[in-house]
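Below are two complexes that have chain A in common, paired first with chain B and then with chain C.
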Partner chain A sequence: MNSKPSISDVTVARRRPLSPNIQIYRPQLTSVLSIANRITGVVLSLGAVGLVIWLTAAAMGPRAYGAVHGVGSSWGGRIVLFGFTFAFFLHLCGGIRHLVWDTVHGFELRSIYISGWAVVGGSVALTVAAWTVSLLLAG
Partner chain B sequence: MRSPLARAEGLGSAKGGVKHWWAERVSAVALVPLTVWFLGSVIAHAGGDYDAVITWLKTPLASLAMIVLLLALFHHTALGLQVVIEDYVHSDARFAALIAVRLGCLALASAGIVATLRIVFSP
Partner chain C sequence: MIVESSDQVARFTLLKRFPVPRNFKVTPESRIEKGRTWPAPPGASRIKTFEVYRYDPERDGNPRIDTFEVDLDDCGPMVLDALIWIKNKVDSTLAFRRSCREGVCGSCAMTLDGTNWLACTRFISDMSKPATIYPLANLPVIKDLVPDTTHLFAQYEMIEPWLHATTPTPEKERLQSPQERSQVDGYYECILCFCCTSGCPSHWWNGDRFLGPAVLLQSWRWLADSRDEAKEKRLDTLEDPFRLYRCHTILNCTRTCPKGLNPGKAIAEIKKMVVEREG
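Here is the complex of A and B:
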């Protein structure tokens, strides 16, 4: 299509030495939360597809809605929805942490770890709270 | 967000990096209340049947918030997945993947909005 070599062509052709990558580093809270924010974002994209399926079923009528609701209420469905809930809260809390960073606050190493553990603790607590209230209301 | 001097001197990226970064933040800020509202509403209707969900979605606030949620959610999703593809897909599939994500998000947002409007205007 064009004469410009792609990035992969250049890499294969030259065999340049690569600097050490993630595989030799011990996982740290900072790096784990960084990649977790990206993974949960991709997972939540699938959750967004689920939202559209749920809305479309509701628009189609009681039978279609009942089928989708049945899948969501099954044990397998509940486990998946629990996972989506945790992914949502982790991405939400991690996203708020990023928005605070965007205001150039909280970059000291101590602050980074405090906010990091707050994201982990907050996500777990909010997930458990959401499901507790949900199950209590459902009776 | 670029300073007038940087713009005038042509420094920095000549592409849409600033616009992308800014749109990701604006959609993120919008999604904080919208997603929390949605999750709270779903939990409140957890034991609710079809009629309860339809009655809820027919209220002006719920239908309006749902449409704004769909717009912000799929805009944010498209921007986020675009970065993931740009970072990890180096083959010729990159261009196809970027187009697929953009069109897929547009189609899903449209389908969600159409479904919401069908519920609002159903008898």
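Here is the complex of A and C:
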């Protein structure tokens, strides 16, 4: 066998490197809010499981509910619930932003940044407001 | 910080890169190694340091980052000038594409300080210390800063970027009213530098099937053209879970376009047109 190497042989011998992407690309409000929307979506699915556990416990009776309530009102539980609330509002505000985009509005770069920061600010404010109200009501 | 236009360089960023491991999703042949340092010529007083991605296909070894010290008193104001200075005075083997040196050809698109832009229209004074120069992100590298754009142009060819008409050719040109003509403003100016597609995370993960912002903007350029008669066929080609709908409106494209165009908006227009034809 004395065949010349074909182009594909050479390619196999030496694959071209891929220029770096996420390893070097700068995080920007655009991409950070996009990935945040993904992550909060996952968090909300996990939170939905927690909601089911809470409702099931309530249906099972005072003992089961008391146990779940104990976990939820502990410091660790409250921190998790606070994070869950924030994820809920960030995902909600982000979702509204996407709905507006679906009507082909708010695509100028300035609008993209204003709505982006509004999502950040709005979800922080709503989270704090929701907790203030619930803590005041709970006493 | 509110960004008003894409040419605004970020003055402040919390993170220079995403908190992922350096070699996250990196194949062995793409791992970047440390290169050598090329010191400034003796007597240089205003020195700027550039970290430049190097890859030589004719030598064994992985890509590496070389450090060049550029004498700013001997060099023009743009990043492209610095690259030409390096090639002329320091290392003539440095490979990069360039042609017009005024932002109309799109050849010198690169990842500068972590975002995509044309080397000829970015001031050296706007670069960080040290400045970093990588080939356009997420593309196979032919040599140094020269990426292989074959796949991107194959995707471009797929949308048949030319006028389709079945009506008989008129004696003179196909006429458009000024109002009809204005519909392609903001889209016909695309120079196909692929800064947007290369900066699109969705194209990073699904670039084999997702067409990416540059090609979709070009699609809209023909869909919006009153003379084109193949709208249905064009929309049929695009209406696909990957080709069009892998766009998740991240909008890195609009943030990075060196011509100040709006690929994100063009894609939203296409999605709206698809919905409207469903009735």
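The definition used in the following text is that the second predicted complex is superposed on the first by the 120 of 139 C-alpha atoms of A that agree within 3 Å, B and C clash if a C-alpha of one lies under 4 Å from a C-alpha of the other, contacts with A are read in each partner's own complex, and residues count from 1 in each chain.
Operating definition for what follows: contacts are C-beta pairs under 8 Å (C-beta built on N, C-alpha and C of every residue); 3 or more make two chains touch, one makes a residue touch a chain.
Remember, it's a predicted structure, so these values are computed and weren't measured experimentally.
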Which of chain B and chain C A:S34 touches, first, second, both or neither: second
Touched partner set for A:W117, first chain B, second chain C, both or neither: second
Touching partner for A:L55 - first (chain B), second (chain C), both, neither: first
Chain B versus chain C as contact partner of A:R26, first or second or both or neither: second
Which of chain B and chain C A:P17 touches, first, second, both or neither: second
Partner chain in contact with A:D102 - chain B first, chain C second, else both or neither: both
Which of chain B and chain C A:V133 touches, first, second, both or neither: first
Contacts of A:G66 with chain B and chain C, given as first, second, both or neither: first
Footprint overlap on chain A, where chain B in one structure and chain C in the other make contact: 98, 102
Complex contact set, residues of chain B against chain A: 25, 28-29, 32, 35-36, 39, 43-44, 46-47, 50, 53-54, 57, 66, 70, 73-74, 77, 80-81, 84, 90-92, 108, 111-112, 114-116, 118-119, 122
Chain B-touching residues of chain A, taken from the complex the two chains share: 6-8, 11, 38, 41-42, 44-45, 48-49, 51-52, 55-56, 58-59, 62, 65-66, 69, 85, 88, 92, 95-96, 98-99, 102, 130, 133-135, 137-139
Residues on chain C engaged by chain A in the complex (per definition of touch): 1-6, 10, 13-18, 20, 22-27, 29-30, 32, 53, 55, 57, 62-63, 111, 113-115, 132, 134-142, 147-148, 198-199, 201, 204, 248-252, 254-255, 262, 264-265, 268-269, 271-272
Interfacial residue positions of chain A with respect to chain C in the complex: 14-31, 34-35, 98, 101-104, 107-110, 112-114, 117
